[in-house]
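Encoded as structure tokens, the structure appears first; notes follow it.
The chains carry the letters A, B, C, D, E and F, assigned in the order they are written, with residues numbered from 1 in each.
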Amino acid sequence: MLDALLATPAVLRLVDLALEEDLGRGDVTTEAVIDRDATATAQLVARESLVLAGLGLCTLVFQRVDAEVVAAESAKDGDRIAAGTAVASYRGRAASLLAAERTALNFVQRLSGTATLARAFVEAAAGSRLRIADTRKTTPGFRLLEKYAVRVGGASNHRCDLGSGLLIKDNHVAVAGGVRQAVEKARGRAPHGLRIEVEVDSLAELEEALAAGADVILLDNFSPADLDRAVARTGPLPQRPLLEVSGGVTLRRIPELARAGVDIVSVGALTHSARAVDLSLDIGINGPGQ
Amino acid sequence: MLDALLATPAVLRLVDLALEEDLGRGDVTTEAVIDRDATATAQLVARESLVLAGLGLCTLVFQRVDAEVVAAESAKDGDRIAAGTAVASYRGRAASLLAAERTALNFVQRLSGTATLARAFVEAAAGSRLRIADTRKTTPGFRLLEKYAVRVGGASNHRCDLGSGLLIKDNHVAVAGGVRQAVEKARGRAPHGLRIEVEVDSLAELEEALAAGADVILLDNFSPADLDRAVARTGPLPQRPLLEVSGGVTLRRIPELARAGVDIVSVGALTHSARAVDLSLDIGINGPGQ
Amino acid sequence: MLDALLATPAVLRLVDLALEEDLGRGDVTTEAVIDRDATATAQLVARESLVLAGLGLCTLVFQRVDAEVVAAESAKDGDRIAAGTAVASYRGRAASLLAAERTALNFVQRLSGTATLARAFVEAAAGSRLRIADTRKTTPGFRLLEKYAVRVGGASNHRCDLGSGLLIKDNHVAVAGGVRQAVEKARGRAPHGLRIEVEVDSLAELEEALAAGADVILLDNFSPADLDRAVARTGPLPQRPLLEVSGGVTLRRIPELARAGVDIVSVGALTHSARAVDLSLDIGINGPGQ
Amino acid sequence: MLDALLATPAVLRLVDLALEEDLGRGDVTTEAVIDRDATATAQLVARESLVLAGLGLCTLVFQRVDAEVVAAESAKDGDRIAAGTAVASYRGRAASLLAAERTALNFVQRLSGTATLARAFVEAAAGSRLRIADTRKTTPGFRLLEKYAVRVGGASNHRCDLGSGLLIKDNHVAVAGGVRQAVEKARGRAPHGLRIEVEVDSLAELEEALAAGADVILLDNFSPADLDRAVARTGPLPQRPLLEVSGGVTLRRIPELARAGVDIVSVGALTHSARAVDLSLDIGINGPGQ
Amino acid sequence: MLDALLATPAVLRLVDLALEEDLGRGDVTTEAVIDRDATATAQLVARESLVLAGLGLCTLVFQRVDAEVVAAESAKDGDRIAAGTAVASYRGRAASLLAAERTALNFVQRLSGTATLARAFVEAAAGSRLRIADTRKTTPGFRLLEKYAVRVGGASNHRCDLGSGLLIKDNHVAVAGGVRQAVEKARGRAPHGLRIEVEVDSLAELEEALAAGADVILLDNFSPADLDRAVARTGPLPQRPLLEVSGGVTLRRIPELARAGVDIVSVGALTHSARAVDLSLDIGINGPGQ
Amino acid sequence: MLDALLATPAVLRLVDLALEEDLGRGDVTTEAVIDRDATATAQLVARESLVLAGLGLCTLVFQRVDAEVVAAESAKDGDRIAAGTAVASYRGRAASLLAAERTALNFVQRLSGTATLARAFVEAAAGSRLRIADTRKTTPGFRLLEKYAVRVGGASNHRCDLGSGLLIKDNHVAVAGGVRQAVEKARGRAPHGLRIEVEVDSLAELEEALAAGADVILLDNFSPADLDRAVARTGPLPQRPLLEVSGGVTLRRIPELARAGVDIVSVGALTHSARAVDLSLDIGINGPGQ
């Protein structure tokens, strides 16, 4: 996604919430101690090896606080950055840089954390046809941003919301009276641009899903052995439906899943439990006269 | 903080961003498969041992989606919950419960994750006078919520924003021309209800801070030996300023810091890198006739 | 979609824009002329035959102006209503009913207009397998509401936004270097839950789309003869991709398209040019003493 | 109204709702198929004869999506545009133009539809003193925009909201106890800058309104014969009150009303049932290197 | 205006801004000191003689902080309240009452201040036909509320905004080329429900305004002698236009203006310089067990 | 505070509320009378001696209405301005200047009113160590702006909200069971960066506060004699806590308080009852051709 398309009204609202919560009462320290004419230059530096994501958003935060901050980005989202490397510099009023610092870092550290973790999963599946996909287990308010970070890391997006993907889960099956009935209802009523995906918990349900003509089948918490059986049963693409795996998948299991021949594995941890990676701002005060 | 005071306009805006991003285009699966008269009951169950935080917010999400959802909470924020325990049940239209499920979980899993991690730090300092404090390294938009989760976990809050605490950092010192000058400027200009805290990087700066009469001194990245020297130098409370420690502090270092006799340790990881804990919703469909 | 799920944060913002623009400076006439204790009952009556849509939203408008207005709905969305039939009554302060009247009507007249037009298209295709679908040519701010009205009328939704459907148009094809290349790029990069739809302008492009394995093919502005050739060429379902038709389709052409054997016809006019149908409010003042 | 004054906070909120509903989950097709460095030029072209309205808003949409889009407008609001004429061109990133296209068109097609219809009514009254006026039957959220389009078409605005015009309707009369009592109450209490307009349903009520000294009299659903009698009864301007006509007025009746000598006719259809006129975007991809 | 109509979306946004700015970071004192189960009762008491305005808004603030606060109002807007009189009591959680107290008071003290001042002006004109009117010199964001307080005090509203009244000022006259030309332009273009008011600075301009047929004439900064001449010149109502006076009018000048026979005097001070009147909250803690 | 930091999201929302309430329905007079190509230059002139505050906000209002307005500021916030002095000029479309005028003035008149009053208090305390401080009795929505105006006037800010300062009042004391208990609870639970301030009503409570080790003691409504006793009792700084005085303090009492030797006096009137000072806009129309 282009940065221009990432600054949606909802993302700007989130940025405003973040600025308001940190800057909404002013910055008493800076106001007490820093001369209002002082200018400074700040380097954004990676403190560990990471995959960068959200650099444009970081810049947007600085410039939303003070439109006169001048930015120079020297890396781009998706780049693998070595520890100690500067990825951008910001120049402007010292007070503005100090005020925006924490909010800007909180965004870029978090998104780069997700991109870095996604990259690790993707690399663990390298050489196979296994796609690493995210889930809807995102930080509330960050859905668009975190799904972008997932792509930046090289992984794929699952449906972005409840309206843009059709995924029949166990509860839907229970109400509909069975996998087949649920899939048929969905085929009749859902928008025609959406594939019909159904979650199955057993090989028996897999049979039902195949019979019903599901487009994608989500194998939930299948044992390795059952996974092999499921793949064997469904046969080769493109005749068969896509096979997706989910359920507490760790980085360690990726090679095994890649070998098993499934198409997609969805990993909630990419967005719900990625730690923030370490980026910091080195600020050098230029003095009052620019 | 009482739940009534947690539902601030800004928190409600964040909840709305979250609902909009997941539900803003409807729920195609539920609409295709679930009868609109079907009702259900959902149990919110802990899947691992955790400290609960944000249960009221979870309930708020369900009721904001559908005001007719009936909630019954059986635990409260701050409770240690064993794996397998139900903490609340929600009853209402099946479609509403299915639609709100993911957003509600995304909030309570994240906040409980922070509370659980905070509790672990607090327990590691048990028996000492060491306070575990958070930082401003919070998820953008979640400052109030995550600081609440920190308190729920038993830890303390550092300043909530740039306007409500005075913390003179190295850059402020550099501009002011020294620790003493910075502290004096701050004393003359800052609101009288705020203590003056100054960050020092060495024992020499510590001397300056003591001479300047700082109220709180933040020892940044001090070695264990220097930490001991700093504590010895400043003498007993209440005559001396409070001593705070920061800089990449892990759970493992807490007992050592507790023994060292410092007053506060601030830990960014409580909020920037807590993983989501596992809570899920068990939904039982009641049938169309209630 | 259940009404509970229709009142999204974005829809409520639209309702607030509408209330603000009509009521934001008060109601000078009512304040000058109507006693503040006067109460009234208002009947919402169809003035022509119509398919009702948005009755719940109409009620929501009244109750958002004054939470004490009591509503009694006697019809439901999707019902065919004869001219002269009352579909709801509202009881409460006369000033509140008069103030909310216009905004409430503006919503329900517009949505019922779309539902009524959609129903006419659906009835014209009755007995065939042709689906009537909408487009993204909706009133700005009304996407979710108008797509709901389309479903209420019995027609189907095309993708709800740019993020929830993959539709490769001529410009995409031009950039990608051809239909085949575009489809292949899309297959490699798009979320796996989305079908790949491609627009073709000629029988030659249709061949390319078939060869590339597109899931849905949009036949844009095909002549009737070419349409027949296209259907004949692609063969029977479920082996072939879905065929969609678009381009200035009027109600009169529906029977012909239904006979042609295509699967879907998308009609922009359902949402961009439906006229408001006539519903009005008959208000009876009860007097000051209730 | 100048364009600068049209971009009010409320209009920008509506634009944001529109962008969010179409772009809020990104643009999966463009992201999958279009190179992120590709640039393009788009011509906005009238596909039928129309009166242009909202061109500035169309431009605003493109530039709100991407501030670097360069616009060149070659026509202005109020111009009669022949089919096939380009009215503006937009140059910038291909992804931005494709993403903004639909929303921008949805606005300008709708507003131009209203302006075009208004112009037709105005031309039907040409040579007479009859003013064509709008009503409050506007699209919710579009009041300011649609009233602007009405003026662009050459027609007049009735009151913009309940707070900026005093119009006593049948219900107000019923409560007040008669036309005379209602008018007198209004004169005593309403802001002194507002004329007092009263709706009458019969020649008898007209007498009352004249006796009460109403400034404007709205003749609702009068037969042609009664209309002539009403005009004859009230005599010449400026001594008499203004006479307004309303009630299901179609374009065909305008010449008759113009001849009858009434001052104003208000037409709800200008805003509640104008069809969108056909404008489209011809996009030419420039290639990645600008 | 009924309270239901005062809680517009814009007013609720202002209330939210106010709550957010005081409560958005929680209430550290109450959280540290007050038991979370403690309940209390608070009396809202007038500390000086005042005209009450905004009581319903005060109640709304308490209940927006905590929906379980129970309110009992014992006076109503417009009442003259003696010092020492309680006008409402609020019962609920002590923490909620303490948290909402300041914001609630800030609203009701300010609005009652304006109502009290307006009442003083109205009483100074008692027995005459002089109307006291407000201006657009209101507190930003408070237009609707302060104009309501003016009415509560017994005075009248001038136009509520730039769109709902036509007032030709000196600058408009200068551009139009004279009073006559300006009035004629306005008559041809403005909405027909608005009277045409023109500001004049001299008796010569008054003649022009009369000749042009202005509906209302604003005599700006006329000397008492010129005022008398102006009234004499225009003759008796209803043939003549309304005469309004403005320009630094103090309470002391009202009797003189009343005697002079002008119709309206507009007073900016009602809203831009009314002091807050003294109302306070007496809180009694009930104890933790309700 | 730098202007860049004053334009927070919340302040911009307030500006938008203000623009919407005055311009949201357009400007009928200007549209009817002023040529849309006319340009003008406006001088912002002080009509009385004042301390300027909010000039940047005034400029922001003009440029938010029309980004092409060119501003030239010739004074800065905090300057004492003599009557008749121009402090800024604005050049651009006449319609834009006329439309923004009232809102811009309403902000700068109000904020300068507070700064002017604050300066008077500060000058009354000149030569002493007495600090003049504000309170939370601010105009709802204006907290950040009015506290800025207070600083511009040379006075100090008390806590900005309930979350950034710890002030134990009588009700807190009552619930806690005494001054000592309340202070101790607060010391154990409050953020360590906040001083603990407690309000006392008598010399006896003062003793308790001293014994409990409060950092700041607020002497509420102490008689002059008791004030002297309180100062004498607490002894010299820096060993003693800070002493603050509050309770209906007028400008006349400041010299007495300055002599008494207290540290801070907080004055609600700075923000709740400052009158608007007189600034106006002199607009000269340049003609249509710039």
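The rule is simple: a residue touches a chain if its C-beta (ideal position, glycine included) is under 8 Å from a C-beta of that chain, and two chains touch if they have at least 3 such contacts.
Values in this document were obtained by computation on a predicted structure and should not be read as measured data.
Looking at subunit B and subunit D, the chains in contact with each of them are A, C, E, F. Counted by residue number, the contact pairs of A-B are over half the same as those of C-D, the matching pair from B-D, C-D or D-F. Compared on C-beta pairs in contact, A-E and A-C come out with A-C as the pair having more. Taking each chain's centre as the mean of its CA atoms, A is the chain most distant from subunit E.
Averaging Cα coordinates per chain places subunit A and subunit F 43 Å apart. Chain centres here are Cα means. That of subunit E falls 22 Å from that of subunit F.
Residue positions of subunit E touching 2 or more other chains, listed in rising order: 10, 17, 20-21, 23-27, 31, 99, 144, 160-161, 163-167, 191, 194. Here subunit B touches subunit A in the complex through residues 10, 13-15, 17-18, 20-35, 38, 40, 94, 98-99, 102-103, 105-107, 109-110, 113, 136-144, 161-169, 171-172, 174-176, 182, 185-186, 188-191, 194, 269, 272-273, 275-276, 283, 285, going by the rule given at the top.
Subunit A contributes residues 16-17, 19-20, 23-27, 31, 36, 65-68, 93, 95-96, 99 to its touches with subunit F in the complex. The part of subunit A that touches subunit E in the complex is made up of residues 20-21, 24-25. Across the interface of their complex, subunit F is touched by residues 1-2, 4-5, 8-10, 144, 147-148, 160-161, 164 of subunit D.
Here subunit C touches subunit A in the complex through residues 131, 133, 156-161, 163-167, 191-195, 197, 213, 215-216, 238, 242, 244, 263-264, going by the rule given at the top.
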